[in-house]
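Pasting the structures in now, so scroll down.
In the two complexes below, chain A is the common chain; its partner is chain B in one and chain C in the other.
So, the complex of A and B:
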């Protein structure tokens, strides 16, 4: 029954026009970034490398597909949560708003299975969106700009990664980015169980992300103890794969924090939805 | 030598066993002392009733009496605070999934995924109905409810009546034994109401389905239900056979005539009927056995009274009002 309803949920996602907003928006944004970098990329990069030019000399093509993919990922990972929440925030509350939750809950499928099937379908959607992001940023950037070594400006300084040493970093980076987006998806599904319309969960998800990001960026001692436990602190962990050496301990810690968030949020959703009186 | 055989009975065998053991009618729904509060508001205080196999069971009550809450409890949409619900002889709390496989329902109004076609909607609900429903079954069901030519059309373009018919299709698709219809004719035009009524009668007569029907249309209940319960202010007030509750031997007749005072006297004196009331200047209401209605007409005509209209008044309406007001 879980698989059958997951299939149902996926059919619903595929049939909803809003599901394509994310793919459309990503395509448009990436096209704009690629166009901008093609037009003015060298100037932008030389502005960044200018401070190092007294001690380092750069040879070769700095504006290449790898750098563009990195920039795209850096810029969009902040915005993609909205595109994810747009679909996942509607998964339970949308059924309540339409009245179909009544029909669904009178079928011989447990409420736990209903929630889990929605979570799985939401996870598949998030994965597809991440894959689309990866495809456009890596494949199209390489087509337009070609390959090359990647220079990354970290807080510790400039890291130069060899061309042959990059693809696996992107692969694992996208996996961690997917986990971060999955946490956002789970948060919006959880909020969706408390709401009767889809606007509330979508707006609330973004509000929580913005709030936690502000708390994370504030240099206030009071917040130092909670910062490591906020999922937003770990949403940019994919970036750690572009450090040398890769700080695996920090990445594992981020993965654990994100997984705990996902598990707790699913638990809250299951509890709420199972206890909920469906009166709509 | 004793052989210890342990047999784990499945749902169907339990039903059959119940049927064999009980020589009386098999109870399909048994609600006992149901209560549900929403915060401090007592939506259902004490509702009990039994629906037997093959019944078309009328579920009556004024707005806010607790009908919808009770029905939602029956379908596990709402958890009751007190009381027990048994369906097919099984506790709903313990065997929810098995029980729901045998129930088809429409609660208030059928809502569908507007962005999907009628066929896709039925496929979605069929997939989780617990029964093997083929594409052919879906096509046949859409034809049955008169939506065969709209199968591929998105539901967002459907009228209320069409959605209601699609709701009926969804209800019957997995061939349930029990059908629960909460206000199935709300918002339908007269033709739609007649269609639904005929459909319910067909389901009862041809397929021997058990039907729980909640409706504001008292005439509808009077026409098609064989048993009923009336609930008021969250409590079940009366339950029984419709015919015995309404005393179908008697009928209430409304007569419009030129002289109501004379008419009343004639009826009292000639027919010896005391249950006659003047309700308007030219109008009488007479409670009389059906067999004496021709005699009543003859007496009035013999007394040179002009009868402008004579019609049976719906007894359930009066009975319902009497119960609710008391």
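So, the complex of A and C:
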């Protein structure tokens, strides 16, 4: 019954035009980034290497498909949550707004299974969006720019990763990025359980992400105690796969924090939806 | 009066050591100019604070007077100066004044320090110090100070091409004090401010790049077209 309902929920997502907005927006954004990098990629890269190039000379193909894929991921990780929330924020509140929630609750399926099927359908949509992001950023970038070593800048300095040592990092990076987006999807589904219209959960999800991201990026000691508990802090942990050596401990920690967030948010959603008065 | 003392010092040096600093440099130049071009395999191993890169194998092409090219499959980091600048600088006698300095033993080899002081308008180089194995007419160590890039120390080790003055190992010491990370690009929001401070305190100020050169192919008549930069 859960699987059948999940299938139905996924059909509902597919039937909504807004579900394609995310794919369209991603395609357009990535096309713009690839065009910009093709036109002026060397200048953008020189911004990274400028302070080193007084003493050192970088030889080789710096602007390549791997770098572009990394830049795309870095740039879009802030925007993709909006595209996810646009669909998942509507999953429960949309039913409430249209009045179909009553009909849904009369089906021979428990309310817990209704929420879980919506969560699974939302997760599949998020996965498809992540795969599309991976395909466009990696495959198309490689097609346009070719392969090459990846130069990554983090707060410790530059890390230059060899071409043969990159693909698995992207693979695992996308997995963690998916988990981060799934947290966003779960948050919006959770907020959706509290609302009677779609706009509220979508806007609230983005407001929370923006607020947490600002707290996380502020270099103030007083926030150091709460930063590890914010899911936005761990949304960027896909980047850790591009460090050398890979800090697996901090990645595991991020995965655990994200999973706890998902579990707690599903728990809240289940509690709220099971208690929800659908008669009035 | 100062000029007199300098002249007297130079004469004393020349008499006491049998040959002038210029004569020593001439012998080095004679060796180096005999090599019109070369191709060599190189292993580049960079150990630089703030930069993590695996050792890589490349091919280096050189043609007199200053044509230089590195061919690599991936990204490699090499010092901005130190390959051709010194040889070019010491090859033009009108551009500098050479003065002997102290003796020094470098890796069990007796060397003489020659201070190469540029004459007016000589360019970017402020001072070049070279430690020379006078018996074999090769540079064992150099310290080049430039206006644009600060000071770079290079240690030279020689192998089977010592007769041509071509090293088998070059070890560059790089000053990394100027390196700065643009904060807007390096967005590690999952690092606390304490972690970031800890990282900046732990940074060393010197780095090394060791280039091991092997399989020299000398005077094969490399074409100029080889050194023309291709657009990606």
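For the reader, a short list of remarks on this structure follows.
Operating definition for what follows: the second predicted complex is superposed on the first by the 273 of 280 C-alpha atoms of A that agree within 3 Å, B and C clash if a C-alpha of one lies under 4 Å from a C-alpha of the other, contacts with A are read in each partner's own complex, and residues count from 1 in each chain.
By our rule, a residue touches a chain if its C-beta (ideal position, glycine included) is under 8 Å from a C-beta of that chain, and two chains touch if they have at least 3 such contacts.
Remember, it's a predicted structure, so these values are computed and weren't measured experimentally.
Judged by the touch definition given at the top, the superposed model places A:98 against chain B, while chain C stays out of reach. When the two complexes are superposed, the chain touching more residues of chain A, out of chain B and chain C, is C. Looking at the shared chain after the overlay, A:278 reaches chain B, while chain C stays out of its contact range.
Once the two complexes are overlaid on the shared chain, A:109 sits against chain B while remaining clear of chain C. Look at A:131: by the touch rule set out above, it reaches neither chain B nor chain C. After overlaying the two complexes on the shared chain, residue contacts for A:220 are found with chain C alone; chain B is out of touch. In the overlay built on the shared chain, the residue A:28 is in contact with neither chain B nor chain C. When the shared chain is aligned, chain B comes close enough to touch A:12, but chain C does not. Interface residues of chain A facing chain B in the complex, by the touch rule stated above, are 1, 4-5, 7-8, 11-12, 15-17, 98-100, 102-110, 275, 277-279. Interface residues of chain C facing chain A in the complex, by the touch rule stated above, are 48-54, 56, 58, 70, 72-80, 148-150, 152, 174-176, 178-183, 185-194, 196, 199, 232.
Those residues of chain B whose C-beta lies close enough to touch chain A in the complex are 38, 72, 75-79, 96-101, 103, 105, 107, 109-116, 120, 124-125, 127-130, 170. Within the complex formed with chain C, the chain A residues making contact are 42, 47-48, 50-63, 74, 148-149, 151, 153-160, 162-163, 213, 216-217, 219-221, 224, 227, 232-234, 236-237, 239-240, 244, 250, 254.
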